[in-house]
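Structure in structure tokens, see below.
Here the chain labels run A, B, C, D and E in written order, and each chain numbers its own residues starting at 1.
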Amino acid sequence: MRHRAVAFTALACALFVSGTHAQTLSGEYKLGVLEPLTGPLAFEGKRHLEGLEIVRDMINERGGVMGKKLTFALADATDPTVAASEANRLITREGVKIIVGTFSSRLCGAASEVAARHNVIYWETSCVDPRFNKRGLKTVYRTEIDATGFGWYNVEFIAKHLAPRFNLRPNQLKIAFLSEDSSYGQGVTESARQRAKQEFGMQELATDYYNFTTINDMTPIVLKLKQLNPDIVHHIGFGNDAVLFWRQSKEQNFLFKALVHAGATGYGGADFGKALGNDANGVFALLEPGPGFRLEALRPEGQKIERDFREAVQKRTGSYPLGGHQLAGPGLWLLKIVLDRAGTDEPDKFNAAVMSLDLPVGSTMNGWGVKFSETGQNANERVQHYMLQWQNGQLVTVWPEEFTTHRAKWIPLGPWDQRK
Amino acid sequence: MDPARPLGPAQIDAVAQLGVSTILLGGIYALIAVGLTLIFGIMRVVNFAHGEFLMLGMYLAFWSFTLWRVDPYFVLVVAIPLFFVVGLVTYVLVMKGVITASHNVQIFTTFGLSILLQNVALVAWSGDFRFVRPWHLSVALRIGGTTFNLSQVVAFVIAVVLTVALVAFMKWTHTGRVMRATAQDRDAATLMGIDTDRVYRLTFAIGIAAVGAAGVLVAPLYSVYPTAGLQFVLLSYVVVVLGGLGDMAGALIGSLIVAAVEVAGSYVFGIAWKEIFYFLLFILVLVFRPAGLFGQRGSETLGA
Amino acid sequence: MTALTRHAGAVVLFGGAAVVPLVIRDAFFLDSLVLILLWGALSAAWNVAGGYAGQVSIGHASFFGIGAYAGALMVTRFGKSPWLGMLLGVVISIGAGLIIGFLSNRLKGPYFALSTIALSQVLLIAVSRWRGFTAGGEGIPVPFRPGFATLGLGHVAWVYMALAVAILYYGVEVYLEHSRIGYQLAGVREDEDAAEALGIATRALKVIAVTVSAALTSVCGTLWAQYVGFVDPAYVFSVDLSVRFALNTIIGGIGTALGPYLGSILITVLETYLRATFAGMKTGFTGIYLVIYGAALILVVRWAPEGLTGIAARLRARAAAGARGARAHA
Amino acid sequence: MLTLEGVTKRFGGLTAVRAVSLDVREHELVGIIGPNGAGKTTLFNVVAGYYRPEEGRVFFAGSDVTGRAPHDICRLGLTRTFQIVKPFGNLSVVDNVMIGALTRTPGVRAARSDAERVVDACGLAPYATARARALPIALRKRLEVARALATRPRVLLLDEVMAGLNPTELGGMVDLIRRLHAEGLTVVVIEHIMAAMMRLAQRIVVLHHGEKIAEGTPAQIVADRRVVDAYLGEEFVLAQA
Amino acid sequence: MLRLEGVDAFYGDLQALFGVSFEVRDKEIVALVGANAAGKTTSIRVVSGLVAPRGGHVLFDGADLASVPAHRRVELGIVQVPEGRRLFPFMTVRENLLLGAHTERARAEKERTLQYVLALFPVLGERAGQLAGSLSGGEQQMCAIGRALMARPRLLMLDEPTLGLAPVLVGRIFETVRTINADGVTILLVEQNVRQALTLAHRACVLESGRLVLSGPARELLGDERLKRAYLGL
């Protein structure tokens, strides 16, 4: 109750404070932060912001950036228009030279365009649109892999890890693609389809997209897939749709050998486990490292920062880092590394610092390495991703095996009642 | 393998299961739409905030379950009177002022209400997806080759009970007759000594109580988040128009039709196009049978 | 009354918008100005159907989306100028406008409004699913290529572009107020039966108004896509956008030439200010601005349904009455 | 000029107009009377194209206009007014009339001067800039006539333009209609106020229960027992006798 | 029982009544006659509360009705059968009748009143399950009167009950009105069927252009030349 009162007082005060603030104070470095905090993407935007705040505090405990305390100028990006407009505000009103954002592909495209036109650095920590870095924008960078990377890893896992354990060759695998129709789901699915078909000759049985906000019953698609009898269901879910598909697959006794997902939404979110408990057992989700992850597999400097990051997240949220945290926070950490090295946010020098960065896999948070391409995209192979699996209420790291103490179970998935 | 190939036992099971799914899904739609058809039918008010009351009902179920482990079915006992009061308050604060205003004013007022409630929920409870997991959600009943989810069966049964109760209420109680009479001729109702303002207040409160109850019941089946109501509100209008204004039994049948179109369309053409089917159906019905598939011709223009 | 005094509000508004970029170079300010003018123009486009012809649509995002996609696809798929896309968008929107126009002759009040929403939802799904051509849910990043032919403009140029469209649309509305078709539309809006009795082909006229409205909306959609640089179906066909077009107009004054622009100023400024104030505060409070926005909406629609221009007219009338009274006393 | 041949219009089970035939000659002033619910307004709606009759045909100026759209019929030269006046409430008087004028005169400027002339002729000049909805009923009725006149009809159908007027206003309206007739217009008037009708009409048609029960000069009509019967009832006539 | 004192009433800016005064005494049948738009309907709408007078008073049992909203007047026993019946078309005859018994007083005696109404109009019993909208004009009028009777009126106001009815039905309706009156209900009747109205009523008031021009015992007005003038404008 007291909390509320304080909050409302703060709110009341804020009403009287004008929107503009003084330019960067000496001793502080202000970063523009753009995340969807309202509207349908709010739930994930909040998580990303949390990750950013956690790492910001870590940075400040470790000497800040360029010797200055890091602060945020925060803006809400509900839709593309607002994202672009708020990017403008951050740049001209808040005077930021770097914007960090924006989680969703529909937002990052518009916001980065604005930043580039102002010759302001745009540091993207998550949006996965493969076209993001192919627009020839000089000041735009992305630390996370793109959808092609997600698709690449998923198919890699299916072909290299699952197929042998099924005693099948990759080209014998029958795979069904199902996905929500956002830019993320479609991007990942299409790149996975392409690699599965072209590189491994897997047999695609079906591809179906749906709008996750209007999906109320998955039974028809479950029945359809059941008749097609796939080995693998590649399903990019967003929220409730993942829970619905899994629950109704169980109800219909739809048996397949594995379900693979990518990203922190849907099957990759904590909510999935909360919703289904032990029924969730067996689902794979491509993510950043989770429990079971062997810190020792990282390089010494990577071990230390990863451990610190986990502790910080634990302290703030009381749990293991979630996907959103793990994209936004480590992305910000890389920005600190670059800024400290460049000593300035002047775009050319900043760019030189980015390009000169060459850290091997395992040297920073999530076990990532760094090697940016000319287009400002961190190399897919440096941004190590991990396959996690739901095991008894937890998403644990199961692949690549050298990074984890846990092993993938239920391969192939047995009958529904025998996945305990 | 084509799902439309000659019928084998597996296909027969699939078709039976699709039928079951249609009925269960239709039950959910009916549950949500029955309050809307009451409000739209009697008051002729387009309530775009209908989905938000559903969302509030879902949150009630969520918090009761999370904080006190109360099963949604017990929450229902509290939810109905609670949402009845919520409806009364909303009527007095918001709807009363626009009941005689133009449709535009009503549409945009309730739209404002929808934005307001969504964001109150966002501020109060954050945008996280929440889940309610009562034991009965994971119980699947099997009959022949078909499967029934217990929660959905209960939701369907309650939908039918609620619809039947409302139909009975409207048909055989004096208050129900008064409500219908007011919808058909407000002045004539006044001449019978009916306080029409009170009728509208009551109608709105019952409608909101129904949708609040629906929210509690569907909370386990779907996830709970501030914009959870959006996906049902347009759909509810499809159902209401199909069933005929203010016709509860029509709404139940309309729900089954929408569900059938959705389920069959998803199965045959792919889940991707399901909205197209029912929105086109909606436009066709609007154009060719504005009184609904079962409504009496001309009833949609009364009191409008 | 001279033309200048009759359009004093517009002169101040558009004149101010024309002068501002000469003085202020703040990109955020200019961006807000572009958005005010663009949303204003879109609302003006909506006004042709919703205000002047009395056909209140909540599906105008359909035409906005058609315009946006036509421009973006013309650039990305065919490597042609977005201006060509704008033209194509207009042609397609006219087709879609004819459908809505047809519905406007069959349906009344809320039924018409609901049918327009349904149409925009059908388009949303269609564009989302036609991945091979529209890129589906991934949306289309629109490349920025400097130049007028490619609509790659700087902020100042965008202000003048948006201003030109705004003035043009204002001109369309002024024309609608003072032309034959405009008077006839006013008749249709006020009383369809009476208009019919006076020899006005009401049904055809409504279809024309809705179609023109659709075409104007589509033009702005193309411009918006080139300005913001990213088109995705979930946004451009959203009900929220449709409501925004209507809302600016209703709050500003429905069926008036200046109303949409006044409404756009009020809503855009209010929204931007509230967002800037609350978004930066604390994670949990970001929704507050929308709570206030929603509440404001209810209050305005409820208490001042005739909008800002209506309030202004009332005040002016009162002032004039006061002045007359004063003269009478003197 | 205007000919009805056996026009019948039904609503569900109710026959509102039954086999009515009527012939209005050029430059005639015809009155249609009858008690409430006699089918007078329905007849107008059929003639002006708002209803399509189940049986019978309507000819205007030599061509069959049965089932044509109202605006087409207006453009051919037949304009009607409404019993419940339908002014364009938010527009000024002159704008109201101008919308009528624009049907014949495409130019706005020319239409405006046409409208001003009509407004003047109908005695509405002092109210030209007033909003229509702010006018008292008598002036709104006058506006209804003015607006119809502005379409330059050859035949004008007036539906109860005198109902609800006080005696002075009524006199003004009678004068106006007489003048219009004198200027060469063909006029058909529905009216309840018999006094006015007696002074106006050259010929009166009486409808009762949707049927034409009498037709003749005012003097003939007043003397017609069927008419007095329809209005006042049989025993009234007997009691007088 | 009912007294109007100098009532002025308007529809918007149209004045419909000019200082109208008249009285209806207990157990009486009073006919309001006059040409169309003479102010008859307005007069009874003022009494039932659908139109608020701008001047003058409406007294019922000596109490001013000014502050009593329309729906409360029914409780006092003032019940109007509106012009054009105004039945609830998508409800059955039985439902329409039962709706009449809305006030507490009426509901207590619902069954008894229903028996009375069905005895008065046996055809309503036969049509009980039929939608009111599907009845013939005469049956609709009976239903409307029956519905009003269900409210246990003390003063029953009938607005043009014979409008559009075949002559044989007109007689039936007037017979019924007489019966209802004989059973103790005071009647205020608006009628354009002057002859029958005057035959039926005890007293009559003649309105012309919103003014009361003539009143007196009904029989005396029958055949009065002034009445003919009011109608035919001679």
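Throughout what follows, a contact is a pair of C-beta atoms (placed from the backbone, for glycine too) under 8 Å apart; a residue touches a chain by one contact, two chains touch by 3 or more.
Since the model is a prediction, treat every value here as computed from it, not as a measurement.
Enquirer: Which chains are in contact with both chain C and chain D?
Expert: A chain counts here if it touches both chain C and chain D, and no chain qualifies.
Enquirer: Farthest chain from chain B, going by mean C-alpha coordinates, please.
Expert: Most remote chain from chain B, centroid-wise, comes out as D.
Enquirer: Write down the chain pair with more C-beta contact pairs when B-E is set against A-B.
Expert: A-B
Enquirer: In terms of CA centroid distance, which chain is the most far removed from chain C?
Expert: Centroid comparison gives E as the farthest chain from chain C.
Enquirer: What's the distance between the Cα centroids of chain B and chain D, rounded to whole Å?
Expert: 50
Enquirer: Roughly how far is chain A from chain B, going centre to centre by Cα mean, in whole Å?
Expert: 36
Enquirer: Between chain B and chain C, what's the gap in Å when you average each chain's C-alpha atoms?
Expert: That pair's centroid distance is 32 Å.
Enquirer: I'd like the Å distance between the centres of chain A and chain E, where a centre is the mean of that chain's Cα atoms.
Expert: 76
Enquirer: Out of chain A, which residues touch more than one other chain, so two or more?
Expert: If we look for residues of chain A contacting two or more partner chains, we find 38, 42, 46, 181, 209, 211.
Enquirer: Residues of chain B that contact two or more other chains, please.
Expert: 119, 122, 126, 226, 272, 275 - these are the residues of chain B that touch more than one other chain.
Enquirer: Go through the chains and record each pair that touches.
Expert: A-B, A-C, B-C, B-E, C-D, D-E
Enquirer: How about chain E: which of its residues touch chain D in the complex?
Expert: Touch list, chain E to chain D: 12-14, 16, 35-37, 136-137, 160, 163-164, 166, 192-196, 199, 209, 222-223, 227-228, 231-234.
Enquirer: Taking the complex as given, what residues does chain D use to touch chain E?
Expert: 13-14, 35-37, 136-137, 163-164, 166-167, 192-198, 209, 222, 228, 231-236, 239-240
Enquirer: Provide the residue numbers of chain B that touch chain C in the complex, in ascending order.
Expert: For chain B paired with chain C, touching residues are 44, 46, 94, 97-98, 101-109, 111-120, 122-123, 126, 226, 234, 237-238, 241, 272-273, 275-276, 279-280, 282-283, 286-287, 290, 300-301, 304.
Enquirer: State the interface residues of chain B toward chain A in the complex, per the touch definition above.
Expert: Touch residues, chain B against chain A: 1, 3, 10-11, 14, 17-18, 21, 24-25, 28-29, 119, 122, 126-131, 133, 137-138, 140, 147, 149, 222-223, 225-227, 230-231, 235, 259, 262-264, 266-267, 270-272, 274-275.
Enquirer: With touch defined as at the start, can you tell me which chain D residues reach chain C in the complex?
Expert: It comes out as residues 48, 50, 69-71, 74-75, 79-82, 86-91, 95, 98-100, 102-104, 106-108, 111, 147-148, 150-151.
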